[in-house]
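Right after this note come the structures.
Below, chain A partners chain B and then partners chain C, in two separate complexes.
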Partner chain A sequence: MLARISPQTLRILALLAVVLAVLLFFSTQVPNYLNGRLFNRISSSVAIMALIACGQTLVILTRNIDLSIGSIVGFVAFATGSLITNNPELGPVLLVSYSIILGACFGVVNGLLVAFLRIPSIIVTLATMALFRSSLVEYSDAKSITTGNLPEWLISFPNYKVLTFGTLQLRAGFLVAVLVVIAVHIALTHLRPARKLYAVGSNPEAAEMAGINTKLVVLSAFACAGALAGLAGFMFLARFGTITVVAGLGIELKSVAASVVGGVNIFGGSGTVIGALLGAILVDLIDMSLVRWALVSEFWREAVLGTLILLSVAADAILMRRLIALRVAREKTTKENAP
Partner chain B sequence: MKHFTKLTMAATLLLGTAGFATAEGHSVTLETGQEVNMVLLPKFLGILVFDQANEGAQEAHAELENPGELLFIGPTPENSTAGQIEIMTTAATQGQGAVMISNNAGDQIVPSALAAQEAGTRVVTWDSPIPSGEGEDVFIAQVDFGSIGVIMADMAFSILGGEGQMAVLSATPDASNQNAWIAAMQVALEDEKYANIELVDVVYGDDQAEVSYNRALALVDQYPDLGVIMSPTTVGIQAAAKAMQDEGLCEQVKVSGLGLPSEMLSYTLNGCAPEFALWDFRDLGYLTYFTAYGLASGQLTGDIGETFSAGRMGDYTIEEDPGRPGTKRILMGPFTVYTAENVEAAAN
Partner chain C sequence: MKDQPVLQLENISKHFGMTIALADMSITLHPGEVHAIVGENGAGKSTMIKVMTGIYQPSAGTILIGGKPQVISGPQAARDAGIAAIYQEPMVFPDLDVTENIFISDTSAGLLMRPAAQRRRAIELIERIGINLDPDRIASGLTLAEQQVVEIARALSQDVRILIMDEPTASLSAHEAAQLRKIAKTLAAQGVAVVYISHRLEEIFEIADRVTVIRDGAHISTKPIASVTADSMISEMVGREVGNYFAKAPGTVTDEVILQVQNLSLAGVFKDITFDLHKGEILCMAGLVGARRTDVALALFGVTPTATGEVTYKGKPARFRSPREAIDAGVAYVSEDRRKLGLAMPMSIRSNISLVTLDAFLSRFGLLNREKETAVAHSYRERLNIRTQDVDSEVGMLSGGNQQKVMLAKWLNMEPDLLIFDEPTRGIDIGAKAEVHDLIREFAAAGGAVLVISSDLPEVLALGDRILVMREGQQMGILDTSEATQERVMILATGQTALREAV
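Let's turn to the complex of A and B:
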């Protein structure tokens, strides 16, 4: 049976096992832990990170990294909030499009610099991270967006209950994020242009020889990541209502963590956005549980979070190796037994 | 009745300061038109209260007809500690007359502040002091840190009806002002009056809306009997109020602490945050500027007992800081408690 499962599916199964293990562990440590509320908390909070990790994954697949993604989320959240505050009559479609297009513009800036000026992405996006954040400080004029000035539909949208099972709620924000991730996943597995991301990531020279315009592919990866970050910015605004210049600070590293924990190869070429979604869930789960774990003080939490991320990646890697070894062994026996 | 007590307390504080002033005999009136370049350095840029402090400082700058420059520069949010140290160091090498800083770097700022003082730059802290007081000429305290503790304990008392569980949602774990206020509240809570109020936890939202929002929800999940979340930071209080509103928990868990009326309006009116307090940041910037100008132009020595006139705000005296023995402060005070009755007027 194992032989029929692809390595990517195996990886996702392994991740699910780690998520379960973490849940079990903390349920023995934290009072009032395993209940519907926990699901509501994690799902609402992960809705934003899932989109960002998904965008980050697209970039990582092409052997690049986007460190400016947190600044993009913050800027878009602020700009969208400012737009709707000044024009309260704007509809959802226009507002969401504005967020996505604005995010994509930031992504294009990154993409152009990386693809056409051939500057390493870690340098480019380190610089644009500061640039975008500073432009937000300038643009915001020390004002902040407050919930009171936002229309009701915007604030209530992420918490709209689509389905309810007891205390467990499936909310609109989470549903949207999951649908987007699934759509991106289908595109990556079935659409030829999207497959090029993998081609460029696994071997840029070969991809070029095969007639793929690698520059264009890298540019589009950054643009798509920007667009997804823009959508995340919209969701950020809807969820938190209050946006200051620190909005989205530190998200970039969390998104890299989520992708890598989710099995996306940091050297490009392999990984899935479903994995990144699970990675985001795992990181968020660990983070939220640690806050409630009395044993760990505030000052040690980050260190423990880092250690747990390392452990979960290691556990995932070991589990994967075992499973693959098992599969190879089985294939061998099947071959030997064949006449 | 409750508000009356607070007003009396504020009045007593003011009288205390005023009494000191008369005892000293005379109050220095600052000469206008002295040229001093000064830097106003907030924790980081882009937060409304710091911008209000800058407005107050600019007002004082114009009023004192200082031909020099008043720079409002600060680090970007992700670089607050290192950025503050850097700006402090640069100010010293540029020979600025004074740096007015809301310290977010804890005692890490001390070496650069000492170097600045050696270079002849006066270091005046406001909003958040240097914990050890080293490298600091004087601290402009917005309100008495001890009285913030009492006010927070009182707000919790009135919201809980005298009995119940309270948790604190603070800013960063090393913000010296918030830490001092929480400590003051813990001291206040030892009073018999608050015997039935239990402080169950202190968590940190890093002054980020999203972190604070999640921390507030974690508190509710962790302590099913929690009655009030006390957040001594403008970012934390509104994130907590939003979280309670989103999850329909406002009936169960109230939010209180220090907040801006314009940002808290809707939560106060709908009962999520029935009571909160704050002082005027414009006044704080104004008073800070007067003090720094006086020190940098050599008209004030900065010794304990010295009294001077701070324009429209009246007389102030330099005294020993009771919260940090061996250091000096000027106490601004008082602050306002906002409820559904007065929040609308203050928000506009």
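Let's turn to the complex of A and C:
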């Protein structure tokens, strides 16, 4: 039975089970835990992280990593903020396109360096992480974007209530993020070029031999990740309003954590963005719940999160090995039974 | 041969620096034929395939496809021209399923994937090959043979006209190999030109229509299968006169047995290896690629402790469970893969030489004694004639021959009693070869025992006191050098003993 389900579906089911288990556990530990406010809080914060984790996943699928993604989010948030501050009449479509294109440009810089200069992505993006951040510091000229200068529609957009069930609100920001993730998921599973992303990460030499332009594939992955980070930068601006030069600091590692917890193989070739979304939800859920859990002091929260990441990756590796063993055994028996 | 050839190589040459890999190679492929290509290790088969598949560009010569001259600029261009190759190690994407693997480079069908249609086509292609394979399985769970089927199906999906099979059966079981040969026949019957490269001569007699022998990068002959015999093929493969560049030196064998191996086996890899090794003796292990000689060496060196059988070393039962134990007992193993298992390329000559025996270089406070290290390195540089300015040069910057000497120095420095030397002269020039041979003889003359693994037949004959021939994990026999010829070794290595007796 178990062997019939595809490994990816199994991973997602397992993640859902873990999310449920975490919810149940904390509801016994924290008084008045399960309520609409918990959902609203997590969904607001996941709205941004889901987009970034989704972009990070695209890059990781090709056996690379993007550590500059937090700096891109910060830069785009600031640049978009200052654009609208100076031109308050700009409409939403233009503003969002600006964010996305700016983010994609940063992604292209990363992609060119990784794909064509053949420098390992961890080094390239470690460098561009610092470079993008420094250019933000230079660009900002020690000023900040403040909520007061932003138009009303921008500030209210993420919290716009699409649907309300009691205290539980489905807000526009979260809805947009989930829709984008679903769109990317459909693209990954149904578009022909997307399959090359997996091929390059799965076996780069074979991809080259199969006539795939691996450089172009890696470049596109970084560009798409940049575009998603740009969109996340827009959401970041809309949600917080006040943007300083440290915006988005540390997001890059959180996005890697979300992807890995979501079952994306850090060595490339396998994983889904739905998994990354669930990973982002799980990481955020645990983070938020630990704040309210009296037993764990603030200092140990990071440690608990770290343990969670180790556990999820280990569990994943063991689970997959079991699954493969199970299949091999099943095939043996069917072969032996066959005449 | 009335029909138009699909592919012709005309006077193709390929140089790598000073090395000539292909010299004036010409070959013609017709649709519907199985064309076998045979040659010793290093004869130029792989280079030729890489030229056909666009991985290498020829230094000179013309490639004609369907009679028209064409440049194959890269793997994609080869694919577009209908040329595909499958290798001993299949190129599949382990994370994708069978269907996805087959259609990975399919660009014809637009942007959207239609999984159901693809799956149907995958089933058709697999049926055309005549194999049972579930199109939904993930490639990482497939056997080697099944992965090759996936690759063949991928080639068929792109309307392949020339399918090159490079040692496809070397890692397969007998049943799987038979199935694969059947596939090659089927495809040829459907009009594909199949290039079949194999060391197993009996396979070639079973399926080939024509055979081309190549040697030292040059074309020797192309004949219909009916007009060749195993003997004629082997003598053409070997060709050159024995001993034209290696002089046979008198042996220094003593009566004292240092290593006794009895029925050494490793499940699925090699079986019943039995030999003695005397002090002062050089025993060569000959065989073709895939004969599993290195695996035997690794088992003796403690890398694969699960091997069974009896090993007596210096009169005591010995079963090394790790390389460390083997080293402590005085066994050295010089790997064939300098880059991966042999040398730390970015490190200096000095630190490479002291690596195995670091403990001997420690001073009182547990610090490295660099003066001693340098002195030892200098003495080896002179003794082995390593040509460098100083011993602090990066090993990665040296020539292959000098690297090989550094590697030898590293192991000689532990003063081993038994030296296992895997492909001692692969990829180094003739002058350095002779020097390495002298060093090995010197070591044996000083009372050491040497086990040399070599695919270079003249080297085996020149160096060995006795020659153990292996084939696909089986020990085919031990020849004394006095009775060994290149032909006899090849006959054993290709498994033609039965044929020979029948003649």
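FYI, the second predicted complex is superposed on the first by the 307 of 339 C-alpha atoms of A that agree within 3 Å, B and C clash if a C-alpha of one lies under 4 Å from a C-alpha of the other, contacts with A are read in each partner's own complex, and residues count from 1 in each chain.
Going forward, a residue touches a chain if its C-beta (ideal position, glycine included) is under 8 Å from a C-beta of that chain, and two chains touch if they have at least 3 such contacts.
Keep in mind that this is a model prediction, so the values were computed, not measured.
Because the two structures share chain A, they can be overlaid on it, and in that overlay chain B and chain C fit beside each other without clashing.
By the document's definition of touching, of the two partners only chain B reaches A:133; chain C does not. In the superposition on chain A, A:7 contacts chain C only, with no contact to chain B.
Of the two partner chains placed around the shared chain by superposition, neither chain B nor chain C is touched by A:276.
Annotation: apex chain A, arms to chain B and chain C, angle 120° (C-alpha centres, rounded to a multiple of 10).
Judged by the number of chain A residues each one touches, B leads among chain B and chain C. Of the two partner chains placed by the overlay, only chain C lies in contact with A:205; chain B stays clear of it. In the superposition on chain A, A:31 contacts chain B only, with no contact to chain C. By the touch criterion defined above, A:195 lies against chain C but remains apart from chain B after alignment on the C-alpha atoms of chain A.
In the superposed model, A:265 lies in contact with chain C only, and not with chain B.
Contacts of A:285 after superposition on the shared chain: neither chain B nor chain C is touched. Shortest separation of chain B and chain C in the overlay equals 30 Å (C-alpha atoms, whole Å). Shared interface residues of chain A, touching chain B in one complex and chain C in the other, do not exist.
Chain A contributes residues 7, 190-193, 195-196, 198-199, 201-203, 205-212, 265, 269-270, 324, 327-328 to its touches with chain C in the complex.
Put simply, chain C touches chain A in their complex at residues 74-76, 79, 91-96, 100, 104-107, 109-113, 137-138, 140-141, 154. By the touch rule above, chain B contacts chain A in their complex via residues 44-48, 50-51, 76-78, 173, 203-204, 207-210, 213-215, 217-218, 221-222, 224, 235, 238-239, 242, 246-247, 262-263, 265-266. The part of chain A that touches chain B in the complex is made up of residues 30-32, 37-38, 40-41, 45, 48, 130, 133-134, 136-137, 140, 142-144, 146-148, 159, 236, 239-250, 288, 291-292, 298-299.
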